[in-house]
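Next come two complexes, and both contain subunit A; in the first it sits with subunit B, in the second with subunit C.
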Partner chain A sequence: MAVGSLVARSTAAAAGILSPRSRNLPGLLFSLPLLALFACFVVYPLFFVATRIFDRYTYEVLFSDPVYVQTIVNTIVYVGVAVNVKLFLALLLSAVLDSDGKATRFLSAIFLLPWAIPVLPGILSVRWMMSSQWGILNLISEDLGLGTHHWLASRWTAIGAIILFHIWKYLPFWTIIFLSARRGIPRQLYEAAYIDGAGPFQAFRYISLPMLGGIYLICTLLSMVFTMGDFTNVQLMTGGGPGDSTHVLATLAYRYTFRVGKIDWGMGVFATALPVTLLFIFVLIKKIR
Partner chain B sequence: MTGRGVWVNVARGAVLAVITVWTLFPIYYIVSLAITPWTDLFRPVYFVTHPTLDNFKFVIFQESPFVKFFWRWLANSLWVSAATMFAVLVVAAMGSFALGRIRFGLGRWVSGITLFTYIIPASFLSIPFFKIMGDYDLLDTYWALIFAMTTFAAPYALWVLWDYAKTIPQEIDESAAIDGAGLVSVFFRIYLPLITPSLIAIGTYAFFYAWNEYLYAVLLLQGEKTITLPVGMGNFLTSDDAPWNLLMALSVIYALPPVLFYYVFRRYLTHGLVSGSVAGV
Partner chain C sequence: MGQTRRQFLKTTAVATGAAASTLSFPMVSRGQTKKLTVWWNRGYYKEEDEAMLKIAEDFRKAKNVDLDISFTIQEDLRNKIISALTARRGPDVAFCFYNDWEIMPKYAWEGQLVDTTDTINELKPRYIEKFLEAAYCYDNKAKKRAYYGVPIEAQTMHIHYWKELLKEAGLPDDPAKIPMKWDEYWAFWKKAQDNLRKKDPAKYGKVYGIGMTESSTASDTIYNFEMALLSYNGQVFSDDGKVVADEPKNREAIAKALKFFGELFLSGYVPPDTLNWSDGDNNANFHSKSIVMTPNPSVSIPAHHYFNAPDNYFNKSATIEWPDGPDGRKPTYMIAVKTVILPKDSANKNPDLGKEFVKFVVDPKRFAEYVKGANGRWFPAFKDVASDPFFSRGQVGKGGEKDPHLPTVTKIYLERNTKVFEHWKNPANSQVYAENVWGKAMTRINVDKWSPEKAADEAIGRVKTIVAQWR
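Our next item is the complex of A and B:
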């Protein structure tokens, strides 16, 4: 009986006869795998952090640790510079690639390679390039008469390397996003503008920019949150070195947990970043939906 | 008009040339180190002077003690990636059916949860997750890793599928329901066949998400033989006498599947990924 009525109800639901509210049960059943994963792997860890973050001592240690303060600065520089330069370049490149020429199509196929290649081979390549003794960068720099440098052995050139790698790896993805957003702008707008005597810069200023402004903002926020949590790039490029001067949030938490052996400090690092991150996330969810 | 048109084309050509060099140089460098013999490694040159395939031979036939577990690592990577792909397909297909076809009242909450999981950085949950897995004695098992990767790969896949699900006319479901089909048979016999192209795209995406995963793999797997390929390669970076030419040969092997798949499925992938990301914007 119960099964029969459930079948009848779901049949009616498929036909769209019932109200959204009475379709809740089948809807939730089909969402169950997702909800179970969310409960176990997102809510439970967050809850776990919440039970451990009210220990004042952890924060006294963190805020008096110069490495923590330096890490916050590094993270802000990394996120601020890498994301904004990358997205600005992506916006410009999407304009260059937005034509149907054969050369453009061929180039966009090559251009997407960094996105297809896993992080590790790319990092290995950059690390060996920047090797102070055997890297090709010093060979080029010497041939240009600029002398040799220890690229990955000083703080700001190492952070620069991480930023450059980030741009190399993720520029293609965001360019494709902007490209598809551009293709959504009606052609007639541009045609009308050119008939009215607008140049390419005016067309960009008065048509492309307003039409792409919303998605540009969302992409910036999204990319900032993703980059704030970056572990792999930094860990593989510098491991936080030299002298713990290039850590970002995730690598510092890893260091506290496994090198120093203080798992509470590791969680404390994320707990201090969580308010900002959650704010970003809620703004994004409001904007995207 | 023509004067300005020429300059626009020149500028465009210059930009494209710069992008090409910028994009290809690190890749050129990986390949050129992969074919550099050990004796030439410590002498930087622009072009490889004595190209050789010995590095690949050493890696594949395990003739160097550095990479004696190459086949184990590869098998581990393949297995966790395939399992993650399967789990993501199940979660995303069911979830997108619920959101896009059933359209239930609590769907707003489910889509909010999906977005939240997509956006929150996976690394922020890694340390507590590691602690929890330790408490339940699940460290060094693949299950913890596979479920964690599924959690973070599924929301994007679901979003892409949902966007596609909304474009299927509702009348198809309605006529099936009139013919007496229940939700489950609509799901298997109508929905799944219709979304197959998108399933290929997100399956590929999920496979390579897991293939690339480093943080959770490095946290959860510890044994010399149980680690995945990227973790095994990454471990060399802490040793000073790392065999860089062998590492680069490994890199080429490791990067080849995603690149090949990407070119085979390029049309599906870029369309699927883009429609998912721009959804609702």
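Our next item is the complex of A and C:
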């Protein structure tokens, strides 16, 4: 404890204005509203979920539902591909945006646009573009003599569309993070490397990559946690269709809870994802420390 | 200057006391007035909501009730009611368009709904009785079957088409001249597409003859399938709620119905996007004239035109019946009956007042105004309201034009064979529909290129699993 605060504390106690115990009481009273809110919106829901996820029958039902098994595969593909492609591209793009020049500044402004566009109009636009009847993709495809394709009406092209939208939408955010990290790397390191005859690839391999390694891992873990719980993109793009073939865990949990009316099953879906999410968070916290 | 502990506690006690007395005063005051919390499905047209607000206001005044009514759109209200019933903090009265399919059978089974048999008995002389069984559900806690809701209005299947597109295609546009035999009927709409595309490929190249919803997310798909299944004389549940879908006759009918949808889609007479349509998408495609006809439960499509483009309503579109079955019999129509429920664990624990409110709403004159507010989108569950000339005659155009929609709809409800959706018989059926088992079977044929028989077997298997797992 700092010497100054010790002095102040003993002076206040000596003056008899506030004893240490009495200072705790108002602190506690002022904290009560927040603690009450925390109890209502964090502790109680957690308790509520806990009472519902320890039912073996729920998991028997889930694992016997082919949609659930398919959903696990979809989620792994979605998280695995979307996160890794997005972060790799973000790393590359941050290098481009890190260079000086008017064109780069213009590109940066353009490049940030997807991040600024709200999800709903963004997805509606993509859906419109992919419409089998009226979509521009099929119009181009027809003009090229490649015929039409039902983009959102088959499982893998629909999942591909969801992944592409996710990358398009969130790439700018992660690029900005990497750009900030790059700007923190001392310029002298690059200057020394170039004096020693290193090229751009070697500078990236031996300076940028090691210096950005930590932040890259943290970003990957964070993005995985966000993407695993992603509901909006999938729900708005395909609603889990066609034929429930593009559900991810979040949309399946919603379907069980509100469409089927089985809240236990919905909780069960999240419970099965919990160990993986907790593992990510655990590694993340360890890395940050 | 800082406070002493004594001063702080004194100030806090005084402030707390003052706050408590301020808060308690209106509570005492409110405690003397009866309270009622009502959650009502937001209507599709402002006229519906305005009519309901007026009814609520009249009830408030007539009964000196502190009535809190809120309107929510159907999907959100369904989620809200399910959450509230799970948390056992429901409203006193809840009316959601999904009650009869997804909420009432399950929560009646779990013993969470108020028995409304007394209200039903009181209203019975007024009811179109075939609608009533929708609310006759099983309470697995009380081990009894009783009424656990109050049916108020119904919807069924009708087919709307653009008369002007048929004219363009060189085909008769009068409903009386359209063939009503099964094969000829569907061939007629296919021919409309062929003729239009031949006439002007640039203009009609993307217009489809049949706007049949075949997605696994839309409830319209369920209606379409059930109608086709009845046409092929099949059934999934027996009269006592047991699964009979796997009996040879029914399996064959299911496979035939699925084959019918598969052929429509794969032959290119149905828009490819239909595999992803939600319930509003066939409406949107009809409004934009990218389909010649569409089967649709409820009168939402013509009602939209009535309010926004009367010329379309009276002169350019019409409503026609589902065709006779492949065996030549008149069709049987599936009817969903929209029902009010009263949760037991409600905000004010006042089921009697809730029942009073429902009876007040369905008063003949009042309820007629409410239903007319939606241009007959819903059909009343009461004979006296249904006998209003509005339903048999429909709207009258400014130039005296006859209504080409509502009289057909009324004929279906009152003169045709009908069958109420069967969730009330077995609550597992709610899950069969919620999972959209039949829509998924259509996807198997349309996307995965399965045979109808294989798709039927998978769907029947899923139905049996769901029923076996229900508890």
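The rule is short, and it goes like this: the second predicted complex is superposed on the first by the 248 of 289 C-alpha atoms of A that agree within 3 Å, B and C clash if a C-alpha of one lies under 4 Å from a C-alpha of the other, contacts with A are read in each partner's own complex, and residues count from 1 in each chain.
In this section, contacts are C-beta pairs under 8 Å (C-beta built on N, C-alpha and C of every residue); 3 or more make two chains touch, one makes a residue touch a chain.
As the structure is a computational prediction, the values presented were derived from the model and not from experiment.
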item	value
Which of subunit B and subunit C A:W156 touches, first, second, both or neither	neither
First, second, both or neither for A:P26, with subunit B first and subunit C second	both
Of subunit C and subunit B, partner touching more subunit A residues	B
Which superposed partner A:W134 touches (first subunit B, second subunit C, both, neither)	both
Partner chain(s) touched by A:C40 [first = subunit B, second = subunit C, both, neither]	first
Touching partner for A:R259 - first (subunit B), second (subunit C), both, neither	second
Touched partner set for A:F63, first subunit B, second subunit C, both or neither	neither
Which superposed partner A:S180 touches (first subunit B, second subunit C, both, neither)	first
Which superposed partner A:F226 touches (first subunit B, second subunit C, both, neither)	first
Which superposed partner A:G239 touches (first subunit B, second subunit C, both, neither)	both
Residues on subunit A lying within both footprints (that of subunit B and that of subunit C)	19, 26, 29, 133-134, 239, 257, 263
For the subunit C and subunit A complex, residues of the former touching the latter	2, 4-5, 8, 12, 78-79, 82, 86, 102-103, 106, 206, 215-217, 271-273, 275-276, 278, 290, 430-431, 434-436, 439-440, 443-444, 446-448, 465, 469
In the complex, subunit A residues that touch subunit C	17-19, 22, 25-26, 29, 61, 64, 131-134, 148, 150, 152-155, 238-245, 255, 257-263
Interface residues, subunit B side, partner subunit A - complex	4, 8, 12, 15-16, 19-20, 22-24, 26-27, 29-30, 33, 41-46, 90-91, 94-95, 97-99, 101-107, 110-117, 119-132, 147-148, 150-151, 154-155, 158, 170, 173-174, 176-178, 180-184, 186-187, 208, 211-212, 214-215, 230, 233-234, 237-238, 244, 247-248, 251-252, 254-255, 258-259, 262-263, 266, 270, 273-275, 277-281
Residue numbers on subunit A that touch subunit B, as the complex places them	7, 10-16, 19-21, 23-24, 26-35, 37-38, 40-42, 44-46, 48-49, 52, 93, 96, 103-104, 107, 109-114, 116-122, 124-129, 133-136, 138-139, 168, 172-173, 176-177, 180-181, 184, 199-200, 214-215, 218, 222, 225-226, 228-232, 235-236, 239, 249-250, 253-254, 257, 263, 266-267, 270, 273-274, 277, 280-281, 284-285, 288-289
